[in-house]
Each structure stands twice: as structure tokens, then as C-alpha cells.
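One chain, subunit A, links the two complexes that follow: it is found with subunit B in the first and with subunit C in the second.
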Partner chain A sequence: MYEGAVQDLIDELGRLPGVGPKSAQRIAFHLLSAESTDVSRLVAALTRVQQEVRFCVTCYNVAEAEQCRICRDPRRTDDVLCVVEEPKDVVAIERTREFRGRYHVLGGAISPIDGVGPDDLRVKELMTRLMNGAVTELIIATDPNLEGEATAAYLARLVSPMGLAVSRLASGLPVGGDLEYADEVTLGRAFEGRRRIDA
Partner chain B sequence: MYVRHLQVGSFRNWEHVDLPLGPGPTVFVGRNGEGKTNLVEAIGYLATMGSHRVSSDAPLVRHGAEQAVVRAALRRGDRELLVEIEINPGRANRVRVNRGPLPRPRELLGMVRTVLFAPEDLALVRGDPTERRRFLDELLVTRTPRLAGVRSDYDRVLKQRNALLKTARLARGKAIETLDVWDGHLTDYGGQLLAARLHLVADLAPHMSEAYAEVAGEGAVVAGLGYSSTVPLAGTGSAVAPGAPVPSAAELTEAMRERIAERRNDELDRGMTLVGPHRDDLVIHLGPAQAKGFASHGESWSLALALKLATFALLRGEGEDPILILDDVFATLDAERRAALAAVARSAEQTLITAAVVDDVPEELRGVRVEVGGGYAVVVKDGPGVGERAVVEGRVP
Partner chain C sequence: MSTTPKALYRDEGIVLRTQKLGEADRIVTVLTRRHGKVRAVAKGVRRTKSKFGSRLEPFSHVDLQFYTGRNLDIVNQAESIRSYGNDVVDDYPCYTAGTAVLETADRLTSEEKEPSLRLFLLVVGALRALAERTHPAGLVLDAFLLRAMSVAGWEPALTDCARCAEPGPHRHFSVPAGGTVCPACRPTGSAMPNPVTVELLDALLTGEWERAEASQGTNRREASGLVAALLQWHLERGLRSLPLVDRSESAVPRREASPA
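For the complex of A and B:
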């Protein structure tokens, strides 16, 4: 254990995804010995993110206004909605230029090990959006891993009484991976060949 | 197949070993604790990416080192296979085959085939079902590498589902909504795993009876294999009749789904998954009885040996001899069983034997020895003249 401030920093860093106790300690000491202008820039970036970036009130993508750029774009169609886990997945799909509908960002996937259930995701918000009838096709683009598949199966079952066309990205995506790591061509093809799921 | 050359770095007590090996039998001799088993353990690791002695990788890395390396050149028919594993405890291993990195370490499984018989195998007969499930699943993956994925997916769903059941116990109703979804995945992978295990047991059973008859000698009772399952369709525990039909994966998935539905309340009460291949057992029969808790010490040894010889025969029947590894077993066998084992050891494409006392090993297997001691492993072969010995090659601290 280190003294107050240093230990607090290590603890906070250690709570970040992918940062173990050892790395947290390394980063903390790196920051301690870094130029003070470098540290100030980091602090400023964090503050700006906290103050200026928020989640779109409609789709929960990151946004710098009330609504994100995609939700505000009048040229996009309202009848197809693509459900993803994270904002980074929106970026990955946008890169393919295959999709002209709108998005819904769940904020993760169902994973009991991590204590994440449907209530911890923006599932209720999704249901509310679907309620108004504008959406006729739902594309579930959760990650091609176990948790993503489970989330997709759960959603498909949940919306089945609404009579929408529900589809899942076609296979060909690297199984067990992250959507964001799929290259554009593969992801684009998976979009083209999406298959209906009948819950 | 056989290992033509073995190199290990920072593996167990070995800092570095560079050892030429050849087809046929080789005996590793040396005093207790010099590192004989460690060398054959390294070769076993190439096949299963696990040790026959410990369940985690940390003990395999030499004290004070960060990682261990096992590198082997193998001959497979007329082809050369170069395998290199970097063992990183707590992190993913790095594996290279013919100098190209594998995207996933588990893609190595099935390439190097070994059958290892060691004192620890007594637990196959007398120990917990966990040991026998591991035995089945390792062999399954060796024969059908695709199943490594099914098995790890099954384990992952199982962990998720158990976590859910634990929380569901506290907040009934709420979390149950998603249980159906996990049930779907669990029974899907579970059905595939079950079907594969049943096929394996059916294929192995006749070899087991034959091997036991050879090991235990004339007039011994018949040994057999069965499968006992928490899924009704999958097995009753009684010995598998030759040619008995195996239900399809789809049928087993359905049977598992039904059984899980029946037991839902029990599962919620206990907060864990009670149905599925992770609760099943391979049953070893001796005559009409189950060997566990019934067979004598000597009979248990014979059964364990027969199970490994059956495995060898099964893999050999598929076209290629696996590498036979016999760790410290000759000393514990009587003359008859020693002879039965020696017969197979002599015929295998490569047999690697460890022994503290070379006289415990049948004479016909002793032609090539690796003398292990003082941090060195030195290859010694019987020379051209009778009784003459020539150091052919070796070293190294």
C-alpha cells in the first residue's frame, strides 16, 4: 500500500477495463514522473469527455448534442434498427457503408458472471422505441461470442410478439471475437447476408 | 509418430535441455528427483497442453523464470512437424507450428498424439469422476480437434448459467427470464459433447476388454466400459454392448432440455447446474460390478493400465501410432503385466520410459538410454560390441 493520493490513483486506474493491479501501478508511477504539461492534457481530456460528451437520448450512442449525428440525419431510414453492444460497434458498422438505418446501443451484453442482466442494459428503452411502430426490421448485431449470442437470443424472444422481421448478422464473422475487430469487407458481407431468426 | 528432437527451456527443474531422440524404446534413467518425469511431461504437454501431474501451468515454469518453452521436432510418416509452445502461466500460451504462429493455441490439440501411463492413473479407477471426464475429453479432442471449441464453449455457458442460478436464488423471478436463453446454448453444446463421449466410449469399450484380458491373463473376469449420465437418454452406467446405437446430438440436446426443465426448482435451490456432461461419469466395469470401490489394488492397476493400452490401440487403429509414454510404471507391475506392457512398448513407433532403477525395465526395452542426473541428460546407446557403451550425443546444464 502507498500513501493516500498515490494509492487512490492506483485503485481508480485498476478499476478500468483491462487494467490489472500491476499495470495500474505502472501507469500511476508513469504519471507521477511525467511532465506536468502531459498530465494536464490528460486531465483536460478527461474533463472534456465528462462535460461535453454524453449519450444520445434516442439511441445511446456517444453524442456531443442531445441527439447523436446519426439520429439527427434526415436522410437515414427509420424502418430498420440495428442493435449493437457499444458505441464502437456503431463506428465499425458505419465504416462498411452498408447500413442506412438507425442504431440502438445496449451498453453491453448479458453476462451473469459480470453481474450484467437485461435490466443493466438499455433493453427497456429499446422496447419503448419499438412500440411506436415505425421500425419494421430489427437487426441484432451483438458480438459473435457467447454473451452476444445469448443477448441476441433473449432480444429475439422478447420482441417476437411485435411481429417485426428480426435478423442476426450472417456467419463469416470470426466466432468468439469482437465486432469491432472484423474487417470492413467481412462485416459488410455479414450485413448483406443477415439471416432471419424466428424465436 | 515420434519425437526426433526435444528442447526445453525453464521447464520444471531444467534450465535448458537439447536432446536427440529416435524411434523405438528409450529409457530415461537416473536417481529420484533428477528430472526424468519432467522431460516426458514436457512431451505430454505438446499433446494436451496440460500436465498429467498438475492442473495449472504455474508449477511447470522453472522457479524464478517467467515462462517455459517446449520445442520439439517430430516425424509424422515422412513429414517433419516442428512445434513450439511458450507456456505463460495466467496468460495465453503462444504456439508455433512449423515456425508459423497459431491464432489460437488450442488449434495445436490433436497434432501431437501421446498416450501417457503414470502412477497418477490409478485415480482413473479409484478417483473422482472429474479424472475420468478429463480423460474422456482429452481423448475426444485428440481424435476430433473441433471438439476443443465445443468443450470450452460448454464450460463458458456453464459458468454463466451457474452465476445466473446463484443470483436467481436470491432474487427469484427476476433473473429467470434469461435462464431459457442459457439453457438453449447449454443443451446445444451439451448434446454435441454427450454424443461425442458416447461414441468414444462405444469405440473404446471393445479395446478395453481385450487389453484387460491381456494384462490380467487367462481366466480373468471381463472388463468393460459404460457411461453414466444425468441425461436420461445418454447412459445408465451399465457396460456398453458392442455395436450399441448412440443417440444423435440433436436427440441428446432435446433429452437434456427436458431433464433441465424437470429439475429447474432443484437447480434454483442449489444455485448450480445439475444436468449435463459436466456431472457425468465414465464407468469402468469388472465383471458385473463397477470397479470403483470394488476392485482390489492390483486389479485397479490392471484396469488403469488396460484403459491406457485400449487408448493406444484405438489411436493406432486410426492409422498412426501415438507416442507411448510410460512414467515410472514398470516397478509397480508384476511379471505378467510387465510382459503385457512390454509387448506393446516394443511394438510402438516410439516409447519413452522413465525409471529410477534400470533393472525394473524389461531388458528388450533398454537398448537406448538417456542418463539423467546432475542437471544433465546424456544419450547412451549399446555399442556395436556386446556390453560396450558409447556416448552418442548429449549434454547440458
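For the complex of A and C:
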């Protein structure tokens, strides 16, 4: 244990996802010995995030205005909607430059064991968005794990009466991996998600 | 602990749940065939190149080798026997029922490493039935819950009186008393479920599937309510997943049983 302020900082850092007690200590002492202008920039960034960043009223991505940058962009198409769990997934998909439609951020995945059901996510908001008929294709890009797959199955069933084209991102083998080292579940999913090769 | 802190042991089991630990590890809770519930650390399992891959996800039936550790044991090797997860997540009613099966198994095994072969076999049976869509998911879950309570020593009385064993059938049903009760024993506040519902509970407990599947929606709903109330009575805290179970009919049609 350290004295007051230092220990408080270590405790706060230790609450962050992925930061264990050792890393919290390391970061705290890094900040203690860093240039004061560097620390001030970090403080300012944190304050700005807290005061200025909110969730987009349309898609629930992080936004600095009423609507996020993507929802405001007139060059993007309204007929394809991509459903993701978290704002960081929007960033990941944007990096691919493959997708020109809009997003909907659920705010997590269905996980009954943690008490998280559809009502705890922005599912109703998704249904409201789909009601106006502008969207004709729905891409479900939830995580390729149990909760993500279950959430995808739930959404697919929910929207099936609406007659949309619904697809799920293919998941499976990591690029650069060897087939023989893939486990059965991953290999199985890769088979399910296989694509036709047009020759 | 033991005199050989690095002892190896091997067992098969069903992964009930996983929790993140540190940067890349997970604690996996496994209901094993011979060692009861085991909580063990799977090191590096969250890295994409982990040797465990996705074998240690909930719903997986795995063959495991453990090191006994000072605090938690360590998973050393994992081979997949069968993964029910892929088949269960396809269908939301199946998935939510399956999650309730796993949570119940976790909650009913308070002592770690206390052998619970009967519960293990019940869990495997329930997951197989869900994955193969052998019976409606809601009925599979309620049959599992009734039998799991029975294994735990809480088998509900469904014909004779729960208190005095007066031969039934009896009209009244008391959750605190543990099932059907005779007019003399019945506590105030006892319910009067439809006799057909009590027959459905009996069919589920004894595995008479033809009788159970012939039941109507109203009786199924009433039966689920009674099963949930009985379970809630015995567990200190309610199950988190049980209120989230989707009781609607499965969208995916029944599958042919796999030859394996």
C-alpha cells in the first residue's frame, strides 16, 4: 500500500478493463515521473470525453453531437444496416473500408448467465429504426462467440417477418493461421460460413 | 493441500461457465464425471493462438488434464469430445434453456470436487436433447430441473402428500411443503394447479416424453411456473438466467438424431 493519492490512483487504474494490480502500479509510477504537460493532456482528454462525448441518438455510437459522424454522412447508404455490439466494433469495421451503410450499436450481447436479456440492449430501438422500411438489408456483426451467436440468432428470428435480407459475418479461421491447428469449433464455423468461389 | 502439489489428473466434463482472469487467462468452471465441479485456470486461452482454441467455451464436453494447484487447479490439456454450443446457439429458446441448465448445475454443486455423476449425466442428457431438438426446449429444461432437484434430495411429491405420504392424487400444491399436499396437511396459501399440469410434471420427472409432449401450452406454462417456484425455494438466490428463458416454440425444426 502507498500513501493516499498514489494508492487512490492505483486503485482507480486497477478498475479499468484489462488492467491488473501490477499494470496499475506501473502506469501510476509512469504518470508520477512523466512530464507535467503530458499528464495535463491526459487529464484534459479525460475531461473532454466525460463532458462532450455522448451516444448518437440514432445509432448509439459515440458522438460529439446529437448524431454521430457516420449517421450525418450523406454519402453513406441508408438501405444497409450493420448491427454491432459496441462502438469499438464500428471502428474496427470502418478500418476495413468495406462497408458504406449505417450502423446500430446494441450496447452488448445477450448473456442470460449475467442476467443480460434483449430488454437490456437497444433491440427495441433497432426495431423502431427498421419499421420505416428504408433498410432492406441487415448485417449482423456481433462477436463470434456464444453470446454474439445467440444474439444474432435472436435478432434474425425477430426480424424475419419483416422480409429483410439478413446476413451474418462469416467467422472462422484467422488469416495467417494453419488449418491443422484450428480447433473443431472454429473449423466447424468456418465451414458453415464458407463462400462460393466464382471461377 | 496435498503432499504432491503438482499432481496430474484427467477427467471429462462439461464447461459450465468462464470468467476472465487477468490479461489473457480464464477461470473455467467444469462439471466433471468423477471429480464433481472443478474450477481451474486456463492460461492464455483468450489469445487468438491459444492451444485451447474455443474448446473451453460453455456447453463444451471436453476431455481435460489438470494440474492440482495451491489455490485453483490448472488446465493442462483439453480435447473436444463434443461441442453443444454451436447447435444450441442457433436457436434462441434452446440457447436460453441451455444456459439455465448450466447455471442450475453450477448452483447445485456448492462443494467443489464432490463427485456428482448423476448430475453430470443429467446435464449431458439435457444438452444433447437441446442440440438435437429431440423435444421442445422448454420441456427439456423443466425435466432437467425436476430431476436435478431430485438428485439434490428435493424431489417434489406429485401424487402422495408431501408431508404425511397420504396416497393421492391431491388437489393442493404447496411449494414450501414440497409438492402435492392432502387436505389435512395443506398449509394456508397452497395453490390449486390444474391436475393435468401436475400430471405433466410427473411425466417430465419420470421421462414419459410421449405424455409430456401431448401437453397444452397452458399446462406447460403452469408447470414451468411451479418448477421455477420449487427451485427458487431451495436455492438461496434465484437463477439469473431462468427469467430470461424464451418459452416460445423453436424456429428450427427438429433434427434427426446424429448416429454417434
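Throughout what follows, the second predicted complex is superposed on the first by the 153 of 199 C-alpha atoms of A that agree within 3 Å, B and C clash if a C-alpha of one lies under 4 Å from a C-alpha of the other, contacts with A are read in each partner's own complex, and residues count from 1 in each chain.
Basically, a residue touches a chain if its C-beta (ideal position, glycine included) is under 8 Å from a C-beta of that chain, and two chains touch if they have at least 3 such contacts.
If you're wondering where the values come from, they're calculated on a predicted model, not measured in any experiment.
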- Query: Just subunit B (first), just subunit C (second), both, or neither: which does A:Gly14 touch?
  - Reply: neither
- Return the chain, subunit B or subunit C, that is in touch with more residues of subunit A. C
- Counting only touches as set out at the top, which of subunit B and subunit C does A:Leu146 meet: first, second, both, neither? both
- Identify the partner contact of A:Gly108: answer first if only subunit B is touched, second if only subunit C is, both if each is, neither if none is. neither
- Query: Is A:Thr186 contacted by the first partner subunit B, the second partner subunit C, both or neither?
  - Reply: second
- Query: Of the residues on subunit A, which ones does subunit B touch that subunit C also touches?
  - Reply: 110, 112-113, 115, 117, 146, 149-150, 153-154, 157
- Item | Residue ranges of subunit B in contact with subunit A within the complex | 153, 156-157, 159-161, 163-164, 167, 174-175, 177-178, 180-182, 184-185
- subunit C to subunit A touching residues, read off their complex: 17, 22-23, 48-49, 52-55, 57-60, 80, 83, 85-86, 89-92, 95-96, 99-100, 102-103, 240-241, 243-245, 251
- Item | Of subunit A, residues touching subunit C in the complex | 18, 20, 110, 112-115, 117, 145-146, 149-150, 153-154, 157, 160, 174, 177, 182-186, 188-189
- Which positions of subunit A touch subunit B when the two form their complex? 110-113, 115, 117-119, 146-147, 149-150, 153-154, 157
